[in-house]
Every structure is written in C-alpha cells, then in structure tokens.
Amino acid sequence: MSSGSGKSVCVVIGVGPGNGAALVGKFAMAGYRVAMIARSPDTLAELEVHFADAKGYVCDVADAEGLNTALAAIERDEGPVEVLVYNAGKGLWGDALEVSAQDFEASWRVNCFGAYNAARVVLPGMIERGAGNIVFIGATASRRGGAKAVGFAAAKAAQRSLAESLARAFGPKGIHVSLIVVDGIVAEPFMLERFKDRPRDFFVEPIDIAGMALMLVNQPRSTWSFELEARPFGEIW
Amino acid sequence: MSSGSGKSVCVVIGVGPGNGAALVGKFAMAGYRVAMIARSPDTLAELEVHFADAKGYVCDVADAEGLNTALAAIERDEGPVEVLVYNAGKGLWGDALEVSAQDFEASWRVNCFGAYNAARVVLPGMIERGAGNIVFIGATASRRGGAKAVGFAAAKAAQRSLAESLARAFGPKGIHVSLIVVDGIVAEPFMLERFKDRPRDFFVEPIDIAGMALMLVNQPRSTWSFELEARPFGEIW
Amino acid sequence: MSSGSGKSVCVVIGVGPGNGAALVGKFAMAGYRVAMIARSPDTLAELEVHFADAKGYVCDVADAEGLNTALAAIERDEGPVEVLVYNAGKGLWGDALEVSAQDFEASWRVNCFGAYNAARVVLPGMIERGAGNIVFIGATASRRGGAKAVGFAAAKAAQRSLAESLARAFGPKGIHVSLIVVDGIVAEPFMLERFKDRPRDFFVEPIDIAGMALMLVNQPRSTWSFELEARPFGEIW
Amino acid sequence: MSSGSGKSVCVVIGVGPGNGAALVGKFAMAGYRVAMIARSPDTLAELEVHFADAKGYVCDVADAEGLNTALAAIERDEGPVEVLVYNAGKGLWGDALEVSAQDFEASWRVNCFGAYNAARVVLPGMIERGAGNIVFIGATASRRGGAKAVGFAAAKAAQRSLAESLARAFGPKGIHVSLIVVDGIVAEPFMLERFKDRPRDFFVEPIDIAGMALMLVNQPRSTWSFELEARPFGEIW
C-alpha cells in the first residue's frame, strides 16, 4: 500500500509503448506515484519493473464499470488522484462507408466516453481539495474532420469539447483541464517501422509529449493553458 | 406507394413541433415527397393530415437497427432519398457531475451516432447517382464546449466533425453535406412559453431554418457552403 | 439624379471582370440601383452600358479620402446606401522575405482599411433607418495563415475580424454584416486562362457568389448568417 | 559592447511596466543578453539599472524605419538575435463609429506591421543559423472580433495570421514561431488600480507570461506549440 508514501498520485490511462510509457516514466521521475491503466498487462508489468513508483491496473476503458472499479481501487490503494492523464485512444481510418458502425462507436467509447467516466470519478475529490489536473492527449483530428477520419475525428472532436466543457466548469474550482493536440507522427515502434525512411526528427518524441504534460500540470494558476499543439518542427500544416 | 409520383424524396429525421414540422412543410411545399421520422406517432399523424406528400415512419434514432429498417422502408416505398435532413437531438444541460453517464451517451447516440447510421444508408445511392444532400441541424454547442453543456456540446461537436468528414469525403462525388448552426432560441411551443416575456423577434423562426435548409439543398455546385449560422438579429454573441 | 427612382441603392466596391461585375449584374437585375466603385474606369464604363441602373464611381479604396468622397457622392446622387458589398482585394503571395513591407501594407489597406472606412460612411444612415446590409467577400486566407500567404492572410484575417466586430456591434441595430469565404479559384478571365486544363466545374462561378450575396441580403432577421463558404463541389479542403 | 559576452541575444519589443519588464527580467535571469525596445526611455533606464544584461533601444515600433535602424543596431552591438519577443500593442476599445480611422490604423501598425517589419530583420540570420524563436504576445481579441473591439481585434487577428504564416513558412527551417493568447487582465499597475476590488489571483501575472515565453523558447523541436492560452484559473470564458 503506497498511500502512506506521501507522494502525489498521477493516473495515466492508456499505457502502451509510446506516449503512455513516456508519461509514466516522466511523472514517476518527477516524484509522483503513478497508477497505470491499460487493457493488456504486458506493458504494465514491464513498466512496473522499471519504475518502482508505478503500479498497473488492468482494465478496458471502453468498459465503464471496469474503469470505475479500477479508479476506485486506485484511490483506495494509492490515495487521492491529483493528476489524470487521458492517453487512451487510437486512430481509426476510413470514410463513412469503410468504417463500421461498431468501430465508429468503439472509437467514441475509448476517446470520449472513457474520459468522461474517468473524470467523473476523480472530479469530486479534486473539487473538495480545490486542486487537480486533467490532461487529454488529443490529435490533429481533435480540431477538424477528414475525408478518411470520420470515426476518429468525430471521437476526438467530442473529446475536445468534453475537455473544454470541463475546463470551463471546473477551472474556477481550481482544477486545470488541458488538451495536447499531437500534430505529427509519434515515434513509437509501429510508426518508426512504418515510416522508417524518415529521419528521427520527423517524429513526435513521446518523452517530449510527457514533458509537455508535466509542464501543464506545473503551470501557475495565473496562466493556465487549455489547448496547445505538439508539432515537430518540420511538419507541414 | 409514392415511388411512382415522380417527386424527389426528402427524409426529415427528428420531427417535433419546432424545426421538424417546419422542415416537413417547407420541403413538401417545394415539391418533395417527405418521409418523416420521429419517436412519437402524434406529430407525424398531424403532419400527414396537413401535407398530403408527407408520410410518417415511427422509430427511435438511438436504435440503430430500427433506424436502418425505417430508412430501408422509405427507400423501398418512397424511392431513392435525395435529401436527408438530420434534425434529431435535444439539449442536455449540466456539468460532468450533474449529467449522468447514461444521458451523456444518449445525447451522443441521438445527435451523432444516429446521423452516422442514417448517412450510411443513404450514401451509396447518392454516390451512384452522383448527387444528394445531407443537412445537419446544429447548435451553438456544435462549435464550443460550455460549463453546463458537457454532454450536449460533446455530442454536437462529434456531429459537426462527422458532417465535416462526410462533406470532405463525398463532396467530390456530388454529395453536398452542410451544417446549420442554430445560435438562438427556437420559437417552438415550449420555448415560447418559457421566454414569454420576450418579443417574437427574439426567437429563431422554424420556418426560416427550414428555408435555409432548402436554400442549401438548392445551392449551385460552384458555391456550396458547409457551415453557416442561423442567428436572430438581436442575439448577443 | 436617381435618388428619385425609388430603387434601393447597393454599392459594390471593387469591380473587376470577376465577382465585381457579377455582383453588379445580380443586384441590378434584382431591382437595385447599383453604384460601382473601381480604380479603373474601363470596367465601369462597360457595365454602365449593360446595366442602366449601374453607375460607376472611380476611386482607389486604398485612398481613404477618395473613398469617403466617392461614397458621399453616391449617397447624395443615388440616395441612402442600403447594401454595401465589399469585394476589393486581390491575392498577394510570398513569405515574409518575399513580400515587401509596402505590399504587405497595401494588402491590408485594400482588404481591411478600405472596408473599415466604407463601413464608417454608410453605418450612421443604416443605424438611423434600423436596417442595412454589409457583405464582405473573403477568401480561404480569411481563416488561416499560409506559408506563402503572409500578407494576404494577415489582411484577410483583419477583414474577417472587422466583419465579426461590425456584426456583433450593429446586428442588434438591424444591420446585417456577413462574410462569404470564397474557397476555390474564381472563374475570371485570368484564372480561366491560368488553369485552362481544368473543367469548368473546377471553378467558383462569379454569378453564384453574387447570388449568395443577394441571398444574404434577403435573409429573414430571425436567421441571419455571419459566415459561410462558397466552395466548388470538387474542392479538396 | 556585449557581442563578445558569449550570451545569446533576446530582443523584447514593447517594454512597459507589465509583461515587457517581466520578459526582460525572465530572459536576463535565464542567461540572455536582452535588448529592450520601447518608445519611452524611462522604463528602459530603470530596467538597465536592475539588469546588467539588459540594454535599452528607444524607438516607436509604428515607425518602420526607426524600428529597422534599432534592430540593425542591436544585431551590430549585441550580436545575432536568437529570440524575438513581440509584446508591443495596447488595447483600443470602441465600435466602428467610436474608433477613428487614425486609431484603427495605428493599432494595426503597432500590433501587426511592426511585428512584420521586425520579423523581416531577424529572419535571414535565423534561417542562416537554422534556429531562432519568435514569440508573439496576443490577446483574447487575437481569436475573435467584439462589438467594442473593432480596431484591436482586427489588429490582433492580423497579428495572429501573420504569426501562423511565419510558423508555417519557417518552422521547417528551424525557426519556432509561437503565440501566447493572454485571456485575462494583466497585473500591471494601471489594471491593478482599475480592478482594485479583485483578489490578486484574478489577474494574469506578467512573470508567468514571461515564464511561458521562456518555456516556448526551450521547447524541444519534436513538440513545438504554435498557440496557447495564458488564462487565470478563475476566468469565465
């Protein structure tokens, strides 16, 4: 039981080999006790080995009840959640005749509904303490639809609007909600392989996304940002 | 059976006493055969009496299968759908601790998922014919989140992104997708009662929303609009 | 002197062989007395021959004093201006090291400052009458900067913000201010020649821009639009 | 002569008692040699006393020639400019009939044209070195027009579009251009007096704006931000 550790608790939802792992490492190094949520136990187990202050909780964010249970367990075992980073959600490509209704719904469930459910669990404690941070990891599609991004864009736009509504409602209560718009290809194993002809500085580095999330969490209350891009210098936009 | 009528078919999804009824009337008067979809048969029955060219189909847009069945019946009975107006969706107010997860999901289901499912039914025929119109009825919340609009805004933002993705994907195939951002209080019975101290020109008139939808459907292919506001002259924005 | 004609007066600022000429024709056919402003008298003379109800006034919109004088002459000779369409402004391409400070300033002067000066002349009368229309002809660059559009985009963004400020300030006084975002290549002689390998329906038709402007002018006060695109169906956006 | 100091040079344009002074202090403390540009020599002299590494250059940013001369003197005396922070520009309030054409133009000249001219001086060196930072200090009005902000909003929108065009054009050449949208009342003497009934945490702290500018300058090239808000936690937006 780590609730006696005196460390602040950060939950990272959606932990895979890219941004998720980097977020875990960055917050652990910054002195947080990190609770990690992922569907598969493999990455979690590996990260637990690397970071003594990280603990994995297996659940599928698309399963509202499972997510609520996992977050309740975290608050019980680790202590009150001070930082929530919502990183769940992967791309879904195709137009309306190529993306099935099932996938369209699943994308919303992971990118938006899971975030809503998670926020609802941690918000009451944050409000009571008058402080807290919720960081969403968004994408180019958070801002605009695309011919081949119908499902992903609708889900990410919903997430962005959710984040904005949360920021407006709970900012005055001391809770900082923000959105990182990742506008580039993340240097995770799959993408590095797929774009292997590109130089390394073509990519968004997960560790820099994590650094941006930590920066947001540390912003003084006089100058909070809601939304900012994470874009590689060479990106054409 | 009206498929022999030679009239173009317009489907209005979400028919109540406000914009829905006005849309039915406007398109019927413009020479369309109008198929109306609503949950309750009452408004439909009344409108069928007023407009010989309007026919009601009862279904709940939140029920994907029911919606698909109704649209299939319409295409079989009335003929190919040339115009789809998606007017379903009502407001949902409250912050994340006031709006239940069930209502949050229901709002998405009515405002976004139903539209996605409906579009998927009518698009193949439109693509085959190289022509068609899909008009979404949006709201102020389509563009931004709000402290007390977390569920409605997330759903309407998803709908807007869906509309934009459809417009981008299928515009070059001759299908015009557009979004009317209703930025004001609609003069429907409930709102007229609630804001009864306001002059009539405080409100958005349903018949003018309907006129705007018809205008969009008639826009020449050289100058299509994707998104435009319907805002009363005195609105503070 | 035509002030006795009983016709409403529409001023079109920026009259060349593309949108300007089409706007003049469209409003003249719709029953307006049209005052045309352009730098060169040639197009004006030609249009005066075609449209008995159009009269040319030569001035450079970048010259504030000249513009004020021309508009004063119009109000004296033709009667109160009920519709102002601001179509002046041409593209300016290049990055910050390619566009001179002189051209950067000139672009702002034509696209934004001229519009401001013109609005200031016609607004008092419109406010007094509690009615009036100002339509701005914008461009893709009204909404976003571009690597090679530094001067044009800064000027068009300023124009868009000016239009929005006017709409907010004077809407409640009965004055409808709107912006057409032309998102495509206009079918004017120069562009038709430059893109001569494209089919005709690749282009934005000036007459359809003019139709959109007239539609905006005729919008009922219950559902005014501020901003809408004019985009050819095949445009990739 | 400090060009032998080995320190990087940061130019802060628009130095008054609020954000300007804080920017000077922040960058001086971070190890930069800071060149300060302001119209009045008073603040400059005071800051020179406080910060050994800050040197004042008197000029009016609205005077293009004077600005070019000052920047040339800085590059000659201090060394190549690695960071340019453009903080010039003050509010201008009123609608189109309340703001004179002179003030409307002056606002554009200070907020946009001065920035353009300054960027044109420092960009060639930055391109040659493949690195550099330009930070714009924007405002709520950068994003939207307002009934009583016609001049300020048009000027700030032009500045934002300029910044975006620069970011797109020169990002791939290693130059990071960014925009801080200050969405709140800055805690400078005049505003502290005007809103003296408000608690201190109602305000945006200049030192935090300066910290945000320094953070942007230090962002890794893998995750550059273009635009982000500086908004006090309690702000209603």
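Lettered A, B, C and D in written order, each chain numbered from 1.
Throughout what follows, contacts are C-beta pairs under 8 Å (C-beta built on N, C-alpha and C of every residue); 3 or more make two chains touch, one makes a residue touch a chain.
All of these numbers come straight from a predicted model, not from anything done at the bench.
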Item to check | Starting at chain A, fewest touch steps before arriving at chain C | outcome: 2
Next on the checklist: Quick check on the contact graph: shortest path length from chain A to chain D, in steps?
Outcome noted: 1
Checklist outcome for this item: If chain centres are mean C-alpha positions, then the most distant from chain B is chain D
Checklist entry - Could the interface between the copies chain B and chain C be described as same, meaning over half of its residue numbers are common to both, or is it different? => result same
Item to check | chain C-chain D separation of Cα centroids, rounded to whole Å | outcome: 33
Next on the checklist: I'd like to verify one number: the distance from the centre of chain B to the centre of chain D, where each centre is the average of its C-alpha atoms, in whole angstrom.
Outcome noted: 46
Item to check | Residues of chain C whose C-beta touches two or more other chains | outcome: 168
Checklist entry - Which residues of chain D touch chain A in the complex? => result 168, 171-172, 174, 176, 187, 201, 203-205, 208-209, 211-212, 215, 219-237
Next on the checklist: Going by the contact rule set out above, which residues of chain A touch chain B in the complex?
Outcome noted: 64, 95-97, 101, 104-105, 108, 112-113, 116-117, 119-120, 123-124, 141, 144-150, 153-170
